[in-house]
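In the two complexes below, subunit A is the common chain; its partner is subunit B in one and subunit C in the other.
Up next is the complex of A and B:
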């Protein structure tokens, strides 16, 4: 077991190096290395899951400075194993899919090396026993996402998006970094399990615990693209679609939820959980409403990720670890499925992404249409697809908690219902009706069955199957069996709501788009449209702040102070030398010698004076 | 063999080498490399001979009894670490200057510098320390003044005057110490014997703070760095600034630990101010090399924060951050210099798309930049983390504001990378060839490897640090 864990921790990075070196010899070797490495990682995880009975713990000391030692241990329990399965399993399928998706790219060595590094970061994160290891994995993913989002570095948009992703997530990371010190100072341990145990026993001061929990959650907001740090997630769509699938399904965004789930007992002991629920409800609402009006396939999916991760956070925030984590698991699978289906369409359409250019693809891409429909149904929460069960559980948990059954439950329910509207809109605009761009429609190529359709098929089957094993997986994750409560009438209500929305969307988008276009003319609706389209202008506000308060504010003021106050007073302090500078600027180096001679002479005189003075 | 040879032979060699081979730079370069390699090997030998505690006595020379003026050479772990770091950097800087023009004079100056720097780190005699300290200035002054950019003379003189004024304060302090205690040897001076401790402390502190540099004595550094040729910038950041920090440890904190503890808050405040102020300046800066220079200052501020705790944790963290800073900032300076050499500009608005022209060079820039912003698995992260943890353990929760620095550094570094490396090719970059000599490139690779090696496996440096500072006792 310990060997398997060490293997999982190290092999992705060795594999990344290998993929790069081999890929530089021959491009295809990079793919095969990555495929092999990720397959082995997945098999090792399966082996770990198969053998698992009790949590495994490995202790290492990373470094000792003075009398203090910093640990770097591993801790693997049910929660970690499920996250590992997601990271390595979906990671493997994603790499398999990339065989065709990235086939024409010149830089395959770099691509696969970075992807393996990305998966390695997630593996480190979910196996970490201490805050240090967790932070290392956390930062590795920040780095990997930066490098992958700006993978097409010669273009402006991906470069900007990579920078934005790094800085937004870094803003959150800074709070986690701060929390590491606070934990060590106030709690005296960085061990995640001990923090939980201590908190449960009431061993951590209340206000301290609140601040630390809040700081860690701010980190999670950045990583998981929650309000207000979400805009990077949408702009990250500039990266290759396979990377988006990786970020949204297998790795990155799950990390934020994982960290709260990992410290769940700690969070339960603080009031911060209510803040989690509040931020999550707002994010769910913003994500779901903004997803309604996006024109790019991937942007709809990105907003829907924000919204659905928020649902998972609501689950955690209202106190149900099982509901939150199950929604994360289900979402990981169906979101990877949706992204890769979208990737298949984008690949078939030669990298066109605008929804309004498509239409009527049903006949051209029947398999993709079917797979995407399965993902969409699951996302909308239609039984018996997996998404239904966890969404139901989240809403139930929110409604049963007296603190959250008001506004939070309402926003969450709206967001949950709206998913059918935005994903239905995407599916209809892509596959039903008439082709809106005849040339594009003509050029659509049928994708490969083995490289493209097979991974989609596997994910579709998983999406269907997961629904039937919800309670088993939840027990595996939480380590305890919980009776899943029911609320009478919730199911009926949801189904009625979903049906109404479905009818509206079909009416608007299925065949005739004239009504939609007429609505866009309406002044109020078009204003609303703009607001939603730009994600409630959160990005503009953050840009304004960083531009005016930081760069042209504090930084510019510092520069002014440095030049006008400090340097000027230094130069003014010795006016004679100032003139000497000015005079010397025009002359050449010949006079340096004089100055050196003077300096040496002065030094000698000083020394002699000193000697005599003594 | 006496150890004084390590100091005086290079100084003599600098003159002899230049006199004999003034037209044959390659020969002088060979002499330089051999000298530095020998010094490095001797330093390793010294490291293995170090006793369990205290100093290794290497003898005394040039004894003038009347003034207690003997050049007493003693080293402990701290000095040997500094020797190892400086000689390693000298070797790498020599490799990075492979194609430098007027090379005979240039490498002669480096050889001379190496002798002076050996003296700085090996002697425990205050007066000799001061003499070597001043001696390092001479080659640096010429290196900046002759091989520098357009404003090199202004920069060289500013650098010179700044550090010279600081040196006068140092001299005054040393003078006071001698007057009050009657000895020059730092190992024989008792803190209690110093009659005016506060005055001596402040004089020494400011003297070293200018070199480090600390806010508000830092304005010489950006000018000197910008004008200096890139390898000399690396040397300035890697060795010269370290002399300031070394001086603070040896002659301020070790000499007067109690007074230092009383003044801890001043040191902490100045350290934090330096780190934040320089970080903000780096954000606003458009000039690539100046941005790196401010980043360098910001990191030295962190060193000061750790030093101010006067605990074994803090000092160990500071030493690690010092070494890390040398390995991280040097390649950034070197690459900035290469870019200037290729494009003729330091302005980041003229750049963009370097990844397309020079992917491996860009990759090393990204690696060093990531290290500077504290990415795990690099020395930057280890340094930042241990500095933070030692400070928070000593001062309490509010020190968590240090975390803000990780956002600042990400801000200026990631933004700079965006402007220089990513994006569309700028016209200036399009017309540049990016022909880099492979030995100069190899030096960069070595820096990159060191950053990652000690970032993943930092214990060797901490072993040395823990050994150096064990007698300061644990957290307090």
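Up next is the complex of A and C:
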């Protein structure tokens, strides 16, 4: 068991190095290395899951300074194993898919090395026992995400998007770092398990615990693309679709939820959960409504990711670990499926992404249409697909909690229902009706069955199967028996709502698009459209704020101080060092007699000093 | 068989095959076997010698670094390999010395081998460096023997371990010996020879002198003298700490505007001797042991690596000054990368051994209440980035003056990879050094 854990922690990085070195020799070798490494990682995780009975804990100290020490241990329980399965399993499928998707790229060595490095970061994160290991994994993933978003770094948009992602997530990371400092100083432990038990026993001062929980959550907001730090997630779609699927759909963005789930008992004991629920409900609403009007396939999926991660956060925020985690698991699978289906369409259409250029692809890409439909049905929450069960559980939990019954439950329900509208719109615009761009339609190529359709098929089957094992997986994660909660009438209400929305979407988008175009002319609706299209102008507001308050205000002030005080003193220091250098240089006469004289004279002085001491 | 006997025996027999191709491989094999025996816990096993976990750990590091140096040589250059093996054997003996007698004898043995090492003179510059090493070494020997004589006169025997209850007279005698040893550590005011010798003898010899011998002397001296140091009163401790900061400031200031790389590195070596003296002064702290050991381990990897790179660059391309280094990254990216990592480590950039070792040593200083001296050391450390970064700037950001590409040599690269692995490993995994001292 311990060997498996060590293997999981180290092998991705060795694999990344191998993929890079071998890939530089021959491009194809990079793919095969990555495929082999990720397959082994997945098998190791399966072995771990098969052997698992009780939480495994490995203690290791990084370094000790007096009474303070920095631990670097591993802790693997049900939650970790489920996250590991997601990271390595979807990682493997994603790498398999990339065989065709990245086939034309010249720099495959770099691509696969980075992806494996990313998987390594995710594995470190979910196996970490302490905040240190968790933070290391967290930052590794942040770095990998930056490197992969700006993978096509010679173009402006991807490199800008990478930078933006780095800055937004970095903003959150600062708070995690601060939280580590607070934990070390006030709580005295960085051990995640101990933090939970201490908090439950009331061993942490209430206000300190609240601040720490809040800081960690700000980091989670950044990583998981929640309000208001979500704009980076939308621009991250500039990266390769395989990257969006793995990192910005299925795994890394889950890290924020994971960290709250890992510290769930700690969060329960503070009042921070309500804040989590509030932010999440707002994010769910913003994401779902903005997704309605996006014109790029991947942007719709990005807003939908934001919205669905928010649903998982709501699940945690209203106090149900099982509901939140189950939605995370289900979402990871069906969102990877949706992203990769979109990737298959984009690949077939030679990297065109605008929804309005497509239409009538049903005949050309029947498999992709079917797989994407399964993903869409699961996302919409139609039984018996997995998404239905967890969404239902989240809503039930939100409605049952007296503190969140009102606004939070309403916003969440709206967001949950709207899923069918935006994903239905995407599917209809892609696959039904007439081809809107005849040339593009002509040039569509059928993708490979083995490299493209097979991973999608596996994910579709998983999406269907997950629905039947919800309570078992929930029990595995939480370690307690989890029965699906139930509220009378909720199901009927949801089904009715979904049906109405489905009818509206079909009416608007299935055949005749004239009504949609007419609606776009309406002044009020077009204003609303603009607002939603730009994600409620949150990005513009953040830019405005950083431009005026940070760049023109604080940055200018510190630049002035830097120039007048720090630079000036450094510049003043240079002549002083030069004088010292020239003066000291004369002591280096090069004559051996001088040196020995200096030695003996020094000896006399030192002896006197010593004797004074004695 | 004890590692000492293995290496020493091989060194004595090596002249027989010094003109064949086998010596390099044999040396590596013997170092590997010695390392294996060492890991079984074998020491010298003679009277007056004793081994502790820390010493055994450091001896292991020495064997690794010696292997890297062996890999660096293309062929046996007039018995250099023999002398290297002798120095490794003498180092082990010096480190394990548990009495003044064995310490002084092995210390002298090491000095004499170092004279022989630099006696392979090819030009007048090297001759000057060798002569300076010899004369200052002889003077220091005189001082040490004088101290030893005084110590005997004070009625103490020199073949027992040092204790901690000495009268003033014998403390003066011990101080004399200690000060005589400080010359090897290039502590002010006994530093001047080092700047000339390190820069003038051949660079691979400078690697052995400035890295291997200096760290061995530091660790062995600390090991033997720590009971005596603990007996020193505060003014003497402040005296030592003052020497430390003077030495490092002097070294850094003189390195700052040097144009000759070897001379810059020689002064940087003097500066590092200053850092190494901090744990000596911080003897009151429980972290002094580990601080010194960590500094020695890190410094051994970094300093050996930079001087060997310089030796290779000088031999293959005649590079001597900063201007010659311009654009090396374009001519041989691997060399430039290896060089830069070690320079960054010397400068004390985090996640490299140089940073962690300084952090632990300085922590010991603060723990012992020498925070003012540690503050000066920190400022020095910041100052030193000035010239290390300057070298890296030449490597990467300047246009090359020659366009002939530089071919990588396999043996040398392997040796450098060993050294860079050490720098990275001890930059990240600090706990291994802590475990050696025990307690944690």
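FYI, the second predicted complex is superposed on the first by the 554 of 614 C-alpha atoms of A that agree within 3 Å, B and C clash if a C-alpha of one lies under 4 Å from a C-alpha of the other, contacts with A are read in each partner's own complex, and residues count from 1 in each chain.
Keep this in mind: a contact is a pair of C-beta atoms (placed from the backbone, for glycine too) under 8 Å apart; a residue touches a chain by one contact, two chains touch by 3 or more.
Just so we're clear, the structure is a prediction, and the values are computed from it rather than from any experiment.
**Q** Would you check which partner chain A:174 touches, where first means subunit B only, second means subunit C only, and both and neither mean what they say?
**A** So A:174 only meets subunit B here.
**Q** Any idea whether subunit B or subunit C touches more of subunit A?
**A** B
**Q** Could you tell me if A:64 is touching subunit B, subunit C, both of them or neither one (first, second, both, neither)?
**A** Both partners, subunit B and subunit C.
**Q** I'd like to know which partner A:206 touches here: subunit B for first, subunit C for second, both or neither.
**A** A:206: touches no partner chain.
**Q** Touching A:28 in the superposition: subunit B (first), subunit C (second), both, neither?
**A** Neither partner.
**Q** Considering each complex separately, which residues of subunit A are in contact with subunit B in the first and with subunit C in the second?
**A** In the superposed arrangement, which is not itself an observed complex, subunit A uses residues 62-66, 577, 580-581, 584-585, 587, 592, 595-596, 599-600, 603, 606, 610-611, 613-614 for both subunit B and subunit C.
**Q** Could you list, by residue number, the parts of subunit A that touch subunit C in their complex?
**A** The contact residues of subunit A facing subunit C are 60-66, 69, 577-578, 580-581, 584-585, 587-588, 590, 592, 594-596, 598-603, 605-607, 609-614.
**Q** For subunit A, which residues count as touching subunit B in their complex?
**A** 62-68, 70, 132, 135-136, 139-140, 143, 146, 150, 153-156, 159-160, 162-163, 166-167, 170-171, 173-175, 177-178, 180-182, 184-186, 550-551, 554-556, 558-559, 562, 566-567, 570, 574, 577, 580-581, 584-585, 587, 589, 592, 595-596, 599-600, 603, 606, 610-611, 613-614
**Q** Quick check on the complex: what are the subunit B residues that touch subunit A?
**A** Going by the criterion above, the answer is residues 67, 134, 138, 141-142, 145-146, 151-154, 156-158, 160-162, 164, 168, 171, 175, 178-179, 216, 218-219, 277, 280-281, 283-285, 311-317, 320, 353, 355-356, 370, 375-377, 381-382, 385-386, 388-390, 392-393, 396-397, 399-400, 402-404, 406-407, 410-411, 414-415, 417-418, 421-425, 458-459, 462, 465-466, 469, 474-475.
**Q** Spell out the part of subunit C that touches subunit A in their complex, as residue ranges.
**A** 131-132, 135-136, 139-140, 143, 168, 171-172, 175-176, 179, 183, 188-190, 192-193, 195-196, 232-237, 239, 243, 250, 253-254, 256-257, 287, 356, 360, 363, 367, 383, 429-431, 434, 440
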